[in-house]
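Chains: A, B, C, D, E, F, G, H, I and J, in written order; residue numbering restarts at 1 for each.
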Amino acid sequence: MTEKAYSQDLQRSGKWRHIWRIAGQYANCSIFDVRDHDELHQILSGLPLFPFMEISVTPLLRHPSAIREDDR
Amino acid sequence: MTEKAYSQDLQRSGKWRHIWRIAGQYANCSIFDVRDHDELHQILSGLPLFPFMEISVTPLLRHPSAIREDDR
Amino acid sequence: MTEKAYSQDLQRSGKWRHIWRIAGQYANCSIFDVRDHDELHQILSGLPLFPFMEISVTPLLRHPSAIREDDR
Amino acid sequence: MTEKAYSQDLQRSGKWRHIWRIAGQYANCSIFDVRDHDELHQILSGLPLFPFMEISVTPLLRHPSAIREDDR
Amino acid sequence: MTEKAYSQDLQRSGKWRHIWRIAGQYANCSIFDVRDHDELHQILSGLPLFPFMEISVTPLLRHPSAIREDDR
Amino acid sequence: MTEKAYSQDLQRSGKWRHIWRIAGQYANCSIFDVRDHDELHQILSGLPLFPFMEISVTPLLRHPSAIREDDR
Amino acid sequence: MTEKAYSQDLQRSGKWRHIWRIAGQYANCSIFDVRDHDELHQILSGLPLFPFMEISVTPLLRHPSAIREDDR
Amino acid sequence: MTEKAYSQDLQRSGKWRHIWRIAGQYANCSIFDVRDHDELHQILSGLPLFPFMEISVTPLLRHPSAIREDDR
Amino acid sequence: MTEKAYSQDLQRSGKWRHIWRIAGQYANCSIFDVRDHDELHQILSGLPLFPFMEISVTPLLRHPSAIREDDR
Amino acid sequence: MTEKAYSQDLQRSGKWRHIWRIAGQYANCSIFDVRDHDELHQILSGLPLFPFMEISVTPLLRHPSAIREDDR
């Protein structure tokens, strides 16, 4: 399965909430909505290019000023 | 106007697309959908606490693998 | 409530799994076992000295080589 | 098409506003005047040497002290 | 002996107290309880993949707020 | 003399070639066309806010791909 | 007790093995020979200026090429 | 022409004012006295090993406390 | 004694070989020719503004390509 | 001559005063007592593995609190 198909399946399931290209770089900025760190690691390490990727994870949570409940 | 009201007005208008709290920090990670850098700067410099904030902007665009057209 | 009492209550509940002093620094290295990032942020922002602390969070999960199931 | 021809076409169109050599380095500092981040990424990723380049983008806008209107 | 067997033997002996996976990275965060730096270096340099690993050691000690005596 | 008047005089003289605002920051990115480093330092140290500014200078020169001769 | 007297007592006991001034800085580079990290932290946190010091600890051990047994 | 001959020709001409070895590194610290950044870049990019060198340029000028006029 | 007089005395003695201003900064780049690190530290710590300065020292030596013997 | 023999000869001569292993790394922390930077560079560049080593030198001197005169 290609990176694109893999990502789009997870986007449809709601676990890979957002993906944006970073301008001028072969890189992306993504938001995941997962049960725990274990599920996140399974998703990321399942990427076909995982062994060649440099990934850093920033732990996020709902902001008290957010107007949407489901944007956890 | 408080930070919260200011942010929520812009969230309702669609310009401040997302806001998340970064775990363990008095900081946020936000996504803006604006016309250009001028509009972005007007929004950010309009924050009541702007003179005391450390802000860095990462330029994003739609990713070719994104399944949603409006998640620019 | 002091930092010490606050931390020890959470250690007894199992949420603050470990706390070590970093040699030569007024700092600690801690392991939390929480439901999600929201619970982690509530714990950390509840620390009496939170406004004066510099905190960075590294997301961890069970390692496949770990011999203990409950050391998530 | 060579890097030079590619760059000069975009300079003539007005999208690649300025390009300078950084002294002592095989590197440049450039100013782009584009519609949005998508157009910028198309330009940068179209460079023949893009896969081998390390690029960082700083988002700019017109400065209130600038004397020229078209130096956005 | 594999990395896994090597690590698990040391976990059973109590010298390799904890091992966690860092989410999104082929990396771990571990806690050792050893006699001195010499024993720590022997353990780390005995890892089959040691020549290819980037390791940094943070010296820890029991925290005065810790509720457990044996979590040195 | 204000920062703005000081900068605009130098822009009119051609020595302060460009000035842009960096989005989200109380900062600018400027291009100077001066005789030598001495003249540059005189200009920068003449800024009313110079004692409170953090300045870094990147030495530039005309790029061989530039289409304009006077964009030194 | 002054910093100097405190340091010299520990030097005489053999625990503070070496202390050098770093040229051009109000800083030192020291070697300690202590039982464990707890003893090291007690020594460092006992310095009268400890609350104002920035300290980093590098864990050392005897090098296999060292000609002296007691230079642990 | 070797690096050494190339450098010594420029030292004799007065453009490469000083060159020192940095202790413990295959690197040097040099002072150039050139007309402009273009001449500096021509000199540096003319080094036989230029494609393999990592160079950073710090723009200098005469210091008001310098006792020599020609040490620009 | 002012910084200027202090520096110029040492320049005349040959110990403070060179001093340049770094463009755009209230900072200098200096070359010292001293007997040892002790003499260097005495010179630097004797600066009236020493307690407020951030100083880093790079150890230099004569380069094998230098054409001058006395530019140690 | 091996690294070990080379180092031990210099340790016996008193020029290579101390050598320690850094825990968890194929690296060492060493103290040299040499006449000048030239002698230091000759020693370091004479190491058989010098072309593959990353070395940084911190200039040290006797600390006013040191109890030993010969620990320069």
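The criterion applied here is as follows: a contact is a pair of C-beta atoms (placed from the backbone, for glycine too) under 8 Å apart; a residue touches a chain by one contact, two chains touch by 3 or more.
Please read all numbers here as calculations on a predicted model, not as lab measurements.
Student: What is the touch distance from chain C to chain H, in steps?
Tutor: 3
Student: Tally the contacting C-beta pairs at the A-D interface and at the C-E interface, and name the larger one.
Tutor: If we tally the contacting C-beta pairs, C-E comes out ahead.
Student: If more than half of the interface residue numbers appear on both sides, call it same; otherwise different. Which is it for chain D and chain H?
Tutor: Looking at both copies, the contact residues mostly diverge.
Student: If I compare contact pairs by residue number, which of D-H, D-F or A-D overlaps with H-I on over half of them?
Tutor: D-F
Student: Rounded to the nearest whole Å, what is the centre-to-centre distance of chain A and chain C, using the mean of the C-alpha atoms as each centre?
Tutor: That pair's centroid distance is 25 Å.
Student: Measuring centre to centre with CA averages, how many angstrom lie between chain B and chain H?
Tutor: Measuring from centre to centre gives 46 Å for this pair.
Student: Using mean CA coordinates as chain centres, what's the chain C-chain J distance in Å?
Tutor: That gives a centre separation of 41 Å.
Student: Going by the contact rule already set, what residues in chain C reach two or more other chains?
Tutor: 21, 23-24, 37, 40-41, 57, 59-62
Student: Which of the chains are touching one another, listed as pairs?
Tutor: The list of touching pairs comes to A-B, A-C, A-D, A-E, B-C, B-D, B-F, C-E, C-G, D-F, D-H, E-G, E-J, F-H, F-I, G-I, G-J, H-I, H-J, I-J.
Student: Inside the complex, what are the residues of chain A that reach chain C?
Tutor: Against chain C, chain A makes touches at 36-38, 40-41, 57, 59-62, 72.
Student: Can you list the chain D residues touching chain H in their complex?
Tutor: Per the touch definition, chain D meets chain H at residues 21, 23-26.
Student: Which of the residues in chain E end up touching chain J in this complex?
Tutor: Checking each residue of chain E against chain J gives 37, 40-41, 44-45, 51, 55-57.
Student: Can you tell me which positions in chain C touch chain E when the two form their complex?
Tutor: Interface residues on the chain C side: 3-4, 7-8, 11-12, 18-24, 28-29, 31, 58-68, 71.
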